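Structure first, commentary second.
To keep things simple, chains are lettered A, B, C, D, E and F as they appear, and every chain counts its residues starting from 1.
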Amino acid sequence: MILRIDRLGVELPPPSDPDPAGAQAVQELLGGKFGEMSTWLNYTFQSFNFRARQGARPFYDLVSSIATEEFGHVELVAATINTMLTGASPIDDGRAPEAALADVKGIGNPHHFLAGGQSSLPQNSQGRPWNGDYVFSSGDLIEDLTHNYFLETGARNNKLKVYEMVEHPAARALTGYLLVRGGVHQVAYARAIEHLTGASLMKMFPSPRIPTEKIPESRPHIERGEHTKLYRFSEEDFHEVAAVWNGTHPETGDELVVANVPHPEGVPAHDLPPQPAVFAPGYSLEEITEIAQKLRKQAGLPDKPTGVVSEESQGLVESLVGRVPS
Amino acid sequence: MILRIDRLGVELPPPSDPDPAGAQAVQELLGGKFGEMSTWLNYTFQSFNFRARQGARPFYDLVSSIATEEFGHVELVAATINTMLTGASPIDDGRAPEAALADVKGIGNPHHFLAGGQSSLPQNSQGRPWNGDYVFSSGDLIEDLTHNYFLETGARNNKLKVYEMVEHPAARALTGYLLVRGGVHQVAYARAIEHLTGASLMKMFPSPRIPTEKIPESRPHIERGEHTKLYRFSEEDFHEVAAVWNGTHPETGDELVVANVPHPEGVPAHDLPPQPAVFAPGYSLEEITEIAQKLRKQAGLPDKPTGVVSEESQGLVESLVGRVPS
Amino acid sequence: MILRIDRLGVELPPPSDPDPAGAQAVQELLGGKFGEMSTWLNYTFQSFNFRARQGARPFYDLVSSIATEEFGHVELVAATINTMLTGASPIDDGRAPEAALADVKGIGNPHHFLAGGQSSLPQNSQGRPWNGDYVFSSGDLIEDLTHNYFLETGARNNKLKVYEMVEHPAARALTGYLLVRGGVHQVAYARAIEHLTGASLMKMFPSPRIPTEKIPESRPHIERGEHTKLYRFSEEDFHEVAAVWNGTHPETGDELVVANVPHPEGVPAHDLPPQPAVFAPGYSLEEITEIAQKLRKQAGLPDKPTGVVSEESQGLVESLVGRVPS
Amino acid sequence: MILRIDRLGVELPPPSDPDPAGAQAVQELLGGKFGEMSTWLNYTFQSFNFRARQGARPFYDLVSSIATEEFGHVELVAATINTMLTGASPIDDGRAPEAALADVKGIGNPHHFLAGGQSSLPQNSQGRPWNGDYVFSSGDLIEDLTHNYFLETGARNNKLKVYEMVEHPAARALTGYLLVRGGVHQVAYARAIEHLTGASLMKMFPSPRIPTEKIPESRPHIERGEHTKLYRFSEEDFHEVAAVWNGTHPETGDELVVANVPHPEGVPAHDLPPQPAVFAPGYSLEEITEIAQKLRKQAGLPDKPTGVVSEESQGLVESLVGRVPS
Amino acid sequence: MILRIDRLGVELPPPSDPDPAGAQAVQELLGGKFGEMSTWLNYTFQSFNFRARQGARPFYDLVSSIATEEFGHVELVAATINTMLTGASPIDDGRAPEAALADVKGIGNPHHFLAGGQSSLPQNSQGRPWNGDYVFSSGDLIEDLTHNYFLETGARNNKLKVYEMVEHPAARALTGYLLVRGGVHQVAYARAIEHLTGASLMKMFPSPRIPTEKIPESRPHIERGEHTKLYRFSEEDFHEVAAVWNGTHPETGDELVVANVPHPEGVPAHDLPPQPAVFAPGYSLEEITEIAQKLRKQAGLPDKPTGVVSEESQGLVESLVGRVPS
Amino acid sequence: MILRIDRLGVELPPPSDPDPAGAQAVQELLGGKFGEMSTWLNYTFQSFNFRARQGARPFYDLVSSIATEEFGHVELVAATINTMLTGASPIDDGRAPEAALADVKGIGNPHHFLAGGQSSLPQNSQGRPWNGDYVFSSGDLIEDLTHNYFLETGARNNKLKVYEMVEHPAARALTGYLLVRGGVHQVAYARAIEHLTGASLMKMFPSPRIPTEKIPESRPHIERGEHTKLYRFSEEDFHEVAAVWNGTHPETGDELVVANVPHPEGVPAHDLPPQPAVFAPGYSLEEITEIAQKLRKQAGLPDKPTGVVSEESQGLVESLVGRVPS
């Protein structure tokens, strides 16, 4: 079972100039062969299918806790894409005008508009859906770890390239963060293989051969030590990650440590505004607010919404009117 | 972000007679168009992509908390399949004999053995991978809820049919439970549409037209009131589900209530034994235990594994030697 | 069995400025998950697979006659795409010049040119092929109808969005018409569920929440009452649709009626000119006309072609020379 | 546009012993690369996309009328599969017992039961969905005809092999008929190429090199001359098929003729009984009959169902109780 | 078994102005349904699966030797795409700057950059992967040859269209050559059918109806007689191609001859420069050269690289700096 | 370019008892994600796309020569499947009887019979086609090598499992050989990474943790030293493999050597007999032999077939009559 914490792992900038072509590229990090859905679901299935987990406990705990962090990465990529698509059709509270999507004809992934609500899809940068063939779960511990090390290497490659291709501030904030956290996972799997076989995989870093600290948007996270910390992402379980996650970081030489809190604190997400041209959410803000309020009242809940969103969410609609897709 | 609790939502029987052909059928509930991966990832993407969530808070909270429960359902289906496949090749601690998989040639899904470690796959009952085209996330609240109601109806259909096709005790325990909990979600989405449009969808229950209480394995869960409870699956968030989840159950007339705990307590999973013929986990129990112990010691962890597994796990190997696939 | 009437259900404008990027978007209405191939083949398979059809006759008749209308909608979408692609490479009677397709490099769906003859494909707006997983045919009457209502809702969503994205006159004529006729089917399935379960689905209209009459190109069809008429699309069969299709229209309040003719009269299609750059039809107009004439003569047929095409077809080649893709 | 005639092109035997493994094989003729969906949709798309159709009228008429016949062939394959699956779970009027599908676990295509209502699917013999990549519509007349000749050759190959593999009387009746009618289409496309290029394709018959008249179930159709007749499948259009369909049959030497009626007379289909284990149609025969009767009455329709089904339909339920899948 | 000769079948121009949109189109000739992977793997599988090959030796030899040539065509298409992508991100020896891929955002196939190293992919012009359903290998000699003739016709269609769409000199050199050599294969399969059945397929040429000699880039190859020569692509085997490949060329009337050498002499490929933005090859030229030299030395190999590349390769980096994608 | 040598890399036993269910499993080694098509096409594409190949010559030569060997492995797997399917329908020289495929209904991959001529397919053990997404060619040398090491590990896993599942003598001869030769490739990629990074990957062997010498069918090849030899598979190129392939074998400690011949000598394949039920090759042996002889004569070739097949091929038909699929 899992519990959800309605916060993002890292802060993303609010919507600014929309970038549908960039959003198409960022989809590779969501639904691509090496995207976050792949890391997430590979490790999740490996944890489900883990035989003799009590005997191999440190490795079971490692795979399980990394799997759990990956959910948060999928969430972040989706939030980034949604941010980049916000404003790509006119932002207002009325009904969409007659040619509200004409400006995005032939730009980016058409499903961002025709299928979705200017929002993320389980697809790659070519618009092809993620599929279960991307999951490797052989049950052979060494093989699964070898795969995972390779998968993280491919994932790091893709993050670096998306970084180079997309300059939108949300995409840069995303990739800067994911390079650091994905780097932790890449090191973790290499370390696990070292523990089991003695093969010195730390010598393969960095792969691709670009030090993460060269990426300006990664540096603040490195300075906070995020490249050395493994979170368990569980209140009570997975303590034996400490048996694998130790030694020094192959790039920086810093000590690898298990975080003394289960998860990063996180920040509330931006509450992205309606996009009437794509019927998201179908109601105007006024209409749906009124309906919700009535239901809350009937249920004895507070009058105001109880959920938490970012403070910038308040003025978003106003700040976005008149922006157009680049 | 999510946190993981290393327990299953409901108790499954330990492995007994293996049933690879049954496991092939149960895959429909995992990677089929209406399987648990679909319910899980549909609602998860809808929650990521939800615009104006503060305004529509009760509906955002509903979709998010149901999404979170679905993870546990995927976990349960995987555990069921793994249980059914355990023992389908010889169980022992030595290396696999020369024709250890000969008995399962032509039976069930060949990938259960050739690709996986006698374990679950993100595939349907035909061995085709789950894919992102199964996700519908339009951003239009009414449409997404209409879809979700339909998806749960198809899911209920599939659970009932798998129940009828597979008599293995793990499959029956699984479907008996999922029918009750999936039923909660089917009602929840119907109720949400009622609140928004006034259309009396409660009149469509049960769909398919088999009352859940007719299923013997569902009855204990109904007796515990599990058909009326919505869990938030979050320590702090999603309180506004109460604004939607209310009224009476369309089949039993019982009051619908939000659980006063965030999640069911759960039970530790069985620690399934190695299957040397498929190299899962590649090491014998003795070898891997010894390695793990050494690593734990180096890391200053307790000598014994700290994770929790079911008590039956202890004698599993002994109880399974000599069983053969039906 | 079916019979074909070589006429389109509604008049489309003749080719004007080509719009390959628009044609790519319109493909969503042809080969997308919610496109006309999906509605067509879903209802067709449901009609083939209908058990106890004599007992459930009104519902069998409903599904069958709607299925039959959908063929005409696929035909219309194809004609629209073909119209929009006409002229995207030079129109003339000679052989194609050396770089006749250079202007469409990187624009729209490359298969419109490389695979097809500047013509429609069984693909969606991303160039992915329609596939049989889009068909739902469970045999459970309520489930199939629930699915069909949802499918029509998704289809209406897509038509509205394509309307907003593509301003080409053929696309607008198409979507204006399909919104009205697809609306009939959406109402019909909702009504069928009401008859069976008593659930008041009429309250869910319009979904998406845009009244069809707001679309200027839909209005003339509404004024002709096309939103209230169900055609049987059969000379002798499917009379029992009248047992389902009755009551009032949920948006306009008008009486729902079964048309007193089996099908709309229809109009001859435009005879689209050759596109020599893509070898369609491979022969020049003169060559193929001469061959055809000779064969007609040998077979004792009239000297002139006997088929019917639109009157505008005559001067099409002349009117299109020199137009270029936008 | 099309009109539907609610009759099958040829008579099929009523359900007898169920044969799910055979039904799986017959799916190749429905959703396989060379199945009837492929012939149907290839010619249909080619007819939609036909440029300069007035100039090339005889060829447009040929492709269009063959396309139209293919609908009826898809319908026949579906009816055959449905016939073969009838009785594979217990036939009765009550609710399905607890293990009603246990006997078909691991047999045939699991989707016949888990996804469908013991009914046909748009899939091939491996359970993979038909997809739009199977359609070739280049717009180049010679190429399209070359493709069609090849497609019919592959289709004939598949029909012969399914004939050899499946002995169920419905499958034999189907393949015996399709071999004759598909043979007409194979000859027609060869003849069209001959007319255009002078290449003597008649010399390639039969291909595969098995004369159709060797198949006992084909012989009655040959004796009725069905191998020489082309139907226009239209009341008013497609008269110029006569300009292509002429000369002698390459196997029998008989004269090729255009039928003087638009379509074969056809026969009413069997009304296949409910299969409660798969919820098809969800209601018992009594329930749904009562509902339908009430609706008919309200609509002023006759008291008895007005549709036509085969006379054998009456006693089907009784005759099938107790049969089990082979 | 095969042996590799590290030379290209024909000379391609060195990289000049990059053309990613053109490279996307050329992919159709690589991974499309009618691309070179399809011709290659169709004939290769047919040769593997050939029954009674000693009896049907001339046909086995024909299919096998054409299959072998097709490898070289795949190699050429890949080299063309790589040439066209070279320089699409900055060429230099340092690390990639921060937005090195920003100029190709939204242009061409995103996988050329995100997945590959500015290099060819087993995908078509839409970015969809080549798949095994494109292989037809029925074992029926006539059917396989009929298929192959059709496949070559579709392939010729695609080559002509890519020629018209892409003006990049590498693409033109490629298509000019492939039209001639593919033409040989199209004739060969037609001729094989003629030998077996007597059907005069030579009358179908050219198909599409554009004489190859109209293509300026094809003319030099025709003048060298390349349109009349069949190579065996084997030192010792496949001599019986001469029993099929004889008579006159259907377009030019020249005598068809089996080449008296096993294969064209070929030319060394250009050694394409590193593209640091996509980490290909990850090392700078200096670094990798130094590593290689050290390894050569340790192995007792010559100090300089022993492989052969084109002479233009030397100055490539210098000539390309500063070019930008069109 | 490549040249073909019409011999198999190793001897396979002639057909004996057919084993269609085993042939289905062996397909995983052909068209599976880790099958020989994958190793072949991965390395082939990597060699095509290799930038700076002169600088990185030893690695280019390594990847290219291994790629070339893989063709021979695909050929061997295909030959094995064809051997196992031979006799699964009646072997004789007449036409197939009426139910010649009835015995294989529901057994193995239906496409072996319905699509192919009892012969291999580019599909995996589930009947799903190989596809281009299985190719990884990033251009980053370290990443590509990491991938290749992982791919070979997965491939070795699959070979071991197919060995355990399928006892047919051809399958055992195949897997015994492939384990040894695939092992060479696994070591080669590990060694290449060691040379580049210094990471001691030799410590990871064997992976899976079963020493190859435990497999009886592998032992003869190990005794001949085949586990230590790298062949260049080229007459003149790829000499620098010696700069990578050196040191000692991680399992046996033997010296790694580059073979002093370009390729193994090989043996002629068995000439598999016709299977009339599936129309392979469509003609009887007598008919096709007569046609071939006539064509040879006309072309001035020897009277007898010039190709080489195994000596056992002569009496194959006689030895196989009466065998039936297990």
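Going forward, contacts are C-beta pairs under 8 Å (C-beta built on N, C-alpha and C of every residue); 3 or more make two chains touch, one makes a residue touch a chain.
It should be emphasised that the depicted structure is a prediction, and the values quoted were computed from it without experimental measurement.
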| item | value |
| --- | --- |
| Reference chain A; chain at largest CA-centroid distance | D |
| Between chain A and chain F, centroid-to-centroid distance (C-alpha), Å | 41 |
| Chain centre separation (chain B, chain E; CA means) in Å | 49 |
| Distance between the centres, which are taken as Cα means, of chain F and chain E, whole angstrom | 24 |
| Residues within chain C bordering two or more other chains | 33, 115, 126-128, 133, 138, 140, 142-143, 157, 208-209, 278-279, 282-283 |
| Category of the chain touch graph - line, ring, star, complete, other | other |
| Which pairs of chains touch, using the document's own definition | A-B, A-C, A-E, A-F, B-C, B-D, B-F, C-D, C-E, D-E, D-F, E-F |
| Of chain F, residues touching chain D in the complex | 89, 95-96, 98-102, 104-106, 109-111, 113-115, 126-128, 277-279, 282-283 |
| Touch list for chain C against partner chain D, complex | 1-9, 31, 41, 45, 48-61, 64-65, 67-68, 71-72, 74-75, 78-79, 82, 115-123, 129-133, 135, 137-143, 195-196, 233-240, 242-244, 246, 262-264, 266, 271-275, 278-283, 285, 288-289, 291-292, 295-296, 298-301, 305-309, 313 |
| Parts of chain B lying in touch with chain C, wherever the complex brings them together | 33, 133, 136, 138, 140, 142-143, 146-147, 149-150, 153-154, 157, 193, 197-204, 207-209 |
| Residue ranges of chain E in contact with chain C within the complex | 21-22, 24-25, 28, 32-33, 107-108, 125-128, 157-158, 160-167, 208-210, 214, 216 |
